[in-house]
Amino acid sequence: MIATTWRVVGVGFSLLVILAAILLSGVEPQQTSFPGTGVGPDVFWTFDLRTDDLTVLLLAVVGVVSACVQVYSIGYLHERAASYTALVTLFTAAMVTVVVADSLFLLLIGWEVMGVCSYLLIGHYWERRDARSGAMKAFLMTRFADVGFLFGIFVLGIGYNTFRISELGSGPISPGALTAGTVLLLVGVVGKSAQVPLQTWLPDAMPGPSPVSALIHAATMVAAGVFLIARLYDVFVEAEATLTVLAVVACVTMLVSALCAMAAVEVKRVLAWSTVSQLAIMFAGLSLGTEDGRHAALFHLVTHASFKALLFLCAGVLLHQVGSAAFVVLRRYTRRGALRRAMPVTFVTMTIGLGALAGVPGLAGFFSKDSVVEAAWHHARDGSTIGWVVLVSVCLTAALTAFYCVRLWLWTFFRTPALAGALGAFEDDDPMADVDEPDTSKLREPSWLMLGPLVLLAIGAAGLGYADGVHVHWGVALVTTVLAVFGALPAYSLWQRGADPRPVVLEHEFGLDAAYQGAVVVPVRWFAKLAVLGDRDVIGGYVRATGRAGTLASQGFRLLQTGNVQTYLTAAVIGVVALAVLAGVIAS
Amino acid sequence: MSTLLIALLAVPALTAMVLWVLPVSFADRVAAVVGSVISGLVLVGSVWLWIDYLRPADGPGTLVGFETAPRTLPGKLYPFAETDLEWIPPLDVRFHIAVDSISIPLIMLTALLVFLCCLYSLRITPRIGRTRSLIALLLVIETGVIGTFSAVDLVLFFLFFEVVLIPMWLVIDIWGDEHDAAGRRRAATTFVLMTVLGSAVMLLGFLLIHRQAGTFDLEVLGNNPVAGGRGVPLAAAILVALGLAVKMPLWPLHIWLPDAHAKAPTVGSVLLAGLLLKLGSYGLIRILLPVLPEATTTIAPYLGGFSTVAIIAGSLACFAQTDVKRLIAYSSVGHMGFIGLGIATMSPEGLSGALFANIAHGLITGLLFFLAGAIKDRHDTSDLRTIGRALNARLPRISGLLVFASLASLGLPGLAGFWGEMLALLGAYRPADSLPRTTFLVFMVIAGLGTVLTAAYFLRLIRNLCQGDPAEYPTTAFAVDLSRIELLTWTPLVALTVVLGLAPWLLLDYWNFV
Amino acid sequence: MPLVLPLLLAVLLFCLGVYGVLARRNAITMLMSFELMLNAVNLNLVAFDAWRLDGLATGQTLAVFVITLAAAEIGLGLAIVLLLFRGHGHVDADAARDLVEQDGGIPAADGAGTAAGRTAVEKGAAS
Amino acid sequence: MTTALFSIAGAVAIAAAVLVVTSRRIVHAALWLVVALGAVAGCFGALHAEFVALVQILVYVGAIVVLVLFALMLTKAPTNPLPALTTRRSPFAAIVAGVLALLLGTGVVIAFGNEKIEPVPAGSATDVGTAVFRIWVLPFEVLSVLLLAALIGAIVLSQRKLSERSDRLSSSGKED
Amino acid sequence: MTITWTDWQAIAVPLVLALGAVAALLVDGFWGAGSRQLKHLCVTLVTAGAILFGFAFLVTQRNSVRPGFCRAAVEAPAECSIVFEPLTVGLWAVLLIGGLGVVGLSTYGLLDREIPVGEYHFLLLSALTGATVLAGARDLATIVIALEVVSLPSFAMVALRRDRRGSEAALKAFLVSVLSTAVMLFGISYLYGVTGSLYLQTIATQLPGIDPDLRRVAFAAGLFVIVGFGFKIAAVPFHGWLPDTYAGAPVEVTAFLAVVSKSAGVAGLLVLVTFGVAPSGSELRTVVAILAAVTMTVGNLAALRQGEAVRLLAWSSIGQVGFLLAPLAVGDAQAVVGYLAAYVVVTLGAFGAVAVVQRHRPAGLLTDYRGMIRSEPGLAAALIFFLVVLAGLPPGLAGLFTKFAAFQSVIDADLLWLAVIMAVNVMIGLAVYLRWIAELFRLPAEAPFSVDIETPAVTVISAYTAAAIVVSVLPSTLFTLIT
């Protein structure tokens, strides 16, 4: 009952968001002020709202994706549905808050509430150990970054003497403060959007329900980082150093995460790494500091939202119907060719999604990625090093993306001729794989509640590329396509041979997690022990010692009280002598 | 209005007397009802006081324009509902009470928490019984706390500050943890002895102030602060700060706190954390800053430093706790560290933050201790290892509330806990001009990391208590998940946490004086 | 006559008296030692009186008072000593120890002020 | 002349005092006390305080010492030497007393080393009488209260308890 | 000198007290074979009448100044033996309250222990006579003799039960007291030698300008005199006799020692320090301050682990004396008298309650008080109130404010170190009393103390409680004793 109510509320809210986006589209940019508060003379904040093109764009994305996710969830999730749906709704609302906020603090509220919602949703299956730790990790890493974000707000807000976003960038500010503020904001963005070096939480967040992953990766949370930079683009453009940092982070991230995706052995993990990589492409576009770059990045944000949501929902179908999205489990079905046959809609939509991700010409991802490459090329042509770096990285990433997309697609859905029904390279992961033959007869498509959103998003993934008006730079298109093919070919040949070499570095995802474990978690534990020991044995020790000294002194005085009057007299006479001597000392 | 204020002070104390005079068996039965009614009336009275204060004719502190206001500090008293009587002329002590926008919210918080505690006691009391005395002591504590918040004379402040000591000691000593008689006695004694030492030291500071300024009256002192940052004023400031730091408590004087909170009964913990700790921070704001501004400037960096250490040390200590009540107690150390940092910045932002955090911490930690008490009552222990995991499966509602309270406590924006910490950090970003900014920037960064640690230990608590595999910790037959009285008691706290989180200006607007 | 002569004599008598009080066991001999001390006082008073020569005889007067005082003291003192003898059967001051601090009044663990005991901060690791 | 007289009396007083506090026989100690007090009275005489000297002999030697001897008799003090008459702490007590004597003696010598007592005509009794009844009236009156109180106190302490008395009385067949 | 009407007025109170003493003795002596209870009542009434006359005198004459037994001096104000002035009024009021309180305390339980009533009251009034003279005395001869008048009767009272414990207690007190008298007299003899006078006023004017060589002797002399009083008020290290004597004496006499005898000692010391041997700025005040610090610390610490009620009160009274010495060391008579008054009232109350309990539980252990809050709520509440006043915490505002005044005078005299030690001792003192209070509250108790308390006891304890409440609500009364 409660669950149903929440479902209605959730879907209704998403539809409302879409409606708002439709109603607001084309409206003049405007700000709405609400009563606020001042603390001291200089700090004054209100909870202002604003609407402009960016708001509308993001509202549309959020609305559509969340509506899909809400509907899909009705079919997907049954246990603890009420709290789940409520949280998803809150999650969406928080993202909407971020999108419409004109106040840095209101934005921060949405920003952090998203963090909490993601924490709770990732931990939805709190019975599972990986869900628990993944959720905690996600929240803590983003929380850490958010501290930087908060400080960034301080620096910029005090620097510009306002906390209204629309007024930022218009006042005098010292260059140092500008750089510091934007870099600090960037820390928050890096955390939220899972860029290097805070990227490790996102793949670990995969134990959460798949619709939630779709929501996080497509429309909310991680996209918020991109949105924020786009929103504060005027400020960021002023701060060149920050953009350079952003470019470096983005380029490193896209390559690193694409490499990680190449070695991942679970569908959702591959997708997660790909999200990191694609987000980095958006950041790369933003880091160019040009209007083209911003446009390209936002374009990529929209297309990415559609195909990444689609892909996660597809993965969700696999999870829901098969029970797992690990390659090793899926292969058990695939080696008989069952998966493709039993779930044709899923297969087709997922193919479209992977195609869009890999940049197959004609699909949405192709156009948006090319627009980033094109913007970088224009910038590079103007003599910018950043432009060149971005250009090269994005092109390389395109090849790597094609590799892991093809790898995922082939290994998931197709029998490997060379292996003749064996599990192939993933056999090591599961010694029982051959013994335990799954019952493929019960495998079938899920309900249309789940397939509907899939189809809708697939249409988007296929067609959104044309929404921006088709303008193809043929040179760029050619280069990226060729690169994609170069990436796809090795994947195909490896699959053909039934081999899946996974370098240790990539499997361990560059060892960053272990490094964090050693550099942060372990010391914190040690310090915690130290703090407790310090409390107990040092501070508490002093207090205890004081108490014990009091008791001992008390005992001592009791011992001096011998009952013998002559002891008392002696003590008294000694006291007289001592006082005389003492006072003599004091007097002289 | 001054009559109302006196009534707020007198009614709970008189009720306590009446309860003690009544025969035991009868009073035990009606105590909780009487307590609820009386404390409810006090709550109504305090809200009325606030509303009356806000009327434009009386209230000095409405919102001030953004551009014109100078950078002034809250803390100085703008008396309202004033009563000023001669009391002990030979000692220059007057019975002088008044309130302003700083103290009324705290008085409301006091009234609310005591009311909720009485309400809670309608159904849920410690096993040992003796409800009559428990309720009476709660009411005496209420008088003491409200008196401290409304005292204008320093000696009166000291007096009310001491009023709460023996009742609280009794509450811990008699109704505390029934499994550990020696432990609860030790905890109670440590609490009362450390606090009394602190207040005696504070009294020395007051006397030094009197010697320097010739008066104990905060109103007069606020208008003519004691000048000088060296010598006697400095000594006075150090002594006052030390005394209040024990109460607050500031690292390393916090050692009484974990024991006292852990061993106290639920209502005792709630009042201890929700109210008694506030006496210290309120004193710092009300006395240290307006009366000894220059001397406070001298000690502010040290105050800030110790506060920062408190944030970090308190949070770290939480990681290693195995007792849920101790954990929450240690978290209070961290949170009070933020308040101390806010005060140490001596900036309007920091002080508003400290004041706001006072209220927020009272609400949230009150809720947390109520929840911990509920969990403890149901499992007969507060040891995390014995309680086991997967509370989500066994007590879903209580568990959910615990998650909510933890999130509020870790400073989630949108809930009450955030604004205080945020403003304290903002204050540290831009402390008063006379303070070394670099030092405070360092404090800000460390305190910022402290928020991460805070989040980490709360998440750890949730993970180790609420989450987990229910198969390992099967459901035991608990009578109720969330009883009606608990729902009734906790709803106001939850609601206020959300309301203040979304609309901080409900309080912040009134702390910005010209 | 040098003034120091009686003064030093007084000092010696006084200290002998002190020695007697501290060292003698019998209560009556302790009282006798007190008499020595009081005599030292009187010697002082008379000597100073003779030295001052102010015609007021203050020192001598006080000396007479002191002698009277000593008589009153010794009277009551001997009564007490006799009472002690009735009760105890002896007059040894250092053997009268009925009123010594009794142990076992309170258990040791209940001592106040022993703060934050070992249970205070429980052991536990961040697991 | 007076100096020599005083010195002799003083030496006797010291010697007797030493014996008072060290003698192993209590009765001997009491008798040595008589000598010491008498010698001090001699000192008073040498200092021209004849009245005080007289009072000293009357009250001390005549009353107090007799009282002490009575007390010794009543407490059945043995006349043979007692090894345990001084406590084991006596060396320590000697040190304490010695230090005190050293401190006081040095102080006195430094302060009064150069002062001399001039000989005066006799007749101190008149002066003392005048002083007592003209100046020191109040202490004198209070002293009388003291004597009375001490007397009553001594008497009441020497009485038997009411119950013991009534026991004795009832055993002899009388009602109280 | 002729004795004038003024002289009589100045000594009216002590004189009436002395006459009352004789009267009490005579009533007892000539009573005949009547009821012992009735005789007790009569004697009590005579005694109380004498004391009440003192009160009446104080009330009517509280603002007058009457020096008595004066001697005209050359080029200086007259030297007097006794002065009736506001300070005297305050001290006498405290002493008379204490005396009356002890008389009240003695209305029950005295006869049971075969204490001769007439002699008891005679000795009590004699001591009170000495105490009042001491508080007004302004010359050393009067002071030392008055002090003996306080002491000797009180030793007789200690042994009045005439049993083993009493005689031992009396002997200890007596021996220590005699030594102290000897030391004090030795000091006085030097003071006389240095200044040539026994009048405090003259000594005070002479001392600052004396020869540096003599200064050392004068200092030692002053020290000896102060030490003499130190024995009397049981300042550490001259305190050894006190716990044993308190434990050995009848409870009424213990209360007398704790209240009247101690107040008299403090009064004498106050007079001595403020008017005579230790003028402002003297090192002797430092000595007193050191004594105060040591006394309160040792007293409170030793009280921490006492298991017997009377012994705990004994040690804690040593601690309280330390607090009294602190304002005394800076010569703040108002704070001293205020503190003394509050101390007297609540100590009487505490001993009253202890007397009730000890009649039925002679062991007098703290554990005997367990659970009394339930079984004897009234008595327990009163006892708790007295203890809280002694500890100086709310609701015992009398104790709080008198401690406050002590702190204030110490701070105003720049003795921050002493103030800090006092602060620490507030904590230790609280720990002492809390142990007892905890016992009273502890439930459930096996065989809690519960009896029909005698009517006189109820009356007397109620009166003490009422007095304690009055001075708690209106603490200014304590400080206006010296107008």
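Chains here go by letter, A, B, C, D and E, matching the order in which they are written, and residues are numbered from 1 within each.
Rule of thumb we're sticking to: a contact is a pair of C-beta atoms (placed from the backbone, for glycine too) under 8 Å apart; a residue touches a chain by one contact, two chains touch by 3 or more.
Keep in mind that this is a model prediction, so the values were computed, not measured.
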Return the chains shared as contacts by subunit C and subunit D, ordered by label. A, E
Chain centre (avg CA) closest to assembly CA average -> B
Between subunit B and subunit C, what distance separates the C-alpha centroids? Give it in angstrom. 55
Using CA atom averages as chain centres, what separation in Å is found between subunit A and subunit D? 100
Rounded to a whole Å, what is the gap between the Cα centroids of subunit A and subunit C? 85
Distance between the CA centroids of subunit C and subunit E (whole Å) is 20
So which stretches of subunit E touch two or more other chains? 141, 145, 148, 152, 155-156, 159, 162-163, 171-172, 175, 179, 183, 193, 216, 220, 243-244, 304-305, 428, 431, 434
Residue list for subunit B, restricted to those that touch at least two other chains: 185, 189-190, 193-194, 255-256, 258, 317, 319-321, 460
Where does subunit A touch two or more other chains at once, residue-wise? 524-525, 528-529, 532, 535, 540, 543, 547, 550-551, 554, 558, 561, 563, 565-566, 569-570, 573-574, 576, 580
Subunit D residues within the subunit E interface of the complex: 103-104, 107-108, 110-112, 134-139, 142-143, 145-146, 148-150, 152-154, 156-157, 159-163, 176
Under the stated contact criterion, what part of subunit D meets subunit C in this complex? 2-3, 6-7, 10, 13-14, 17-18, 20-21, 26, 29-30, 33, 36-37, 40, 43-44, 46-49, 51-52, 55-56, 59-60, 63-64, 67-68, 70-72, 74-75, 77, 84-87, 89-90, 92-94, 96-98, 100-101, 104-105, 108-109, 112-113, 115-120, 124, 127-128, 130-132, 135-136, 139-140, 143, 146-147, 150-151, 153-155, 157-158
Sort out for me which residues of subunit E touch subunit A in the complex. 171-172, 175-176, 179-180, 183, 216, 219-220, 223-224, 227, 231, 236-238, 240-241, 243-244, 283-284, 286-287, 290-291, 298, 301-305, 428, 431
Note which residues of subunit C are touching subunit D in the complex, please. 1-9, 11-20, 22-26, 28-29, 31-33, 35-36, 39, 42-43, 46-47, 49-51, 53, 55-58, 60-65, 67-76, 78-83, 85, 90-91, 94
Residues of subunit A touching subunit E in their complex? 550-551, 553-555, 557-558, 560-561, 563, 565, 567-569, 571-576, 579-580, 582-584, 586-587
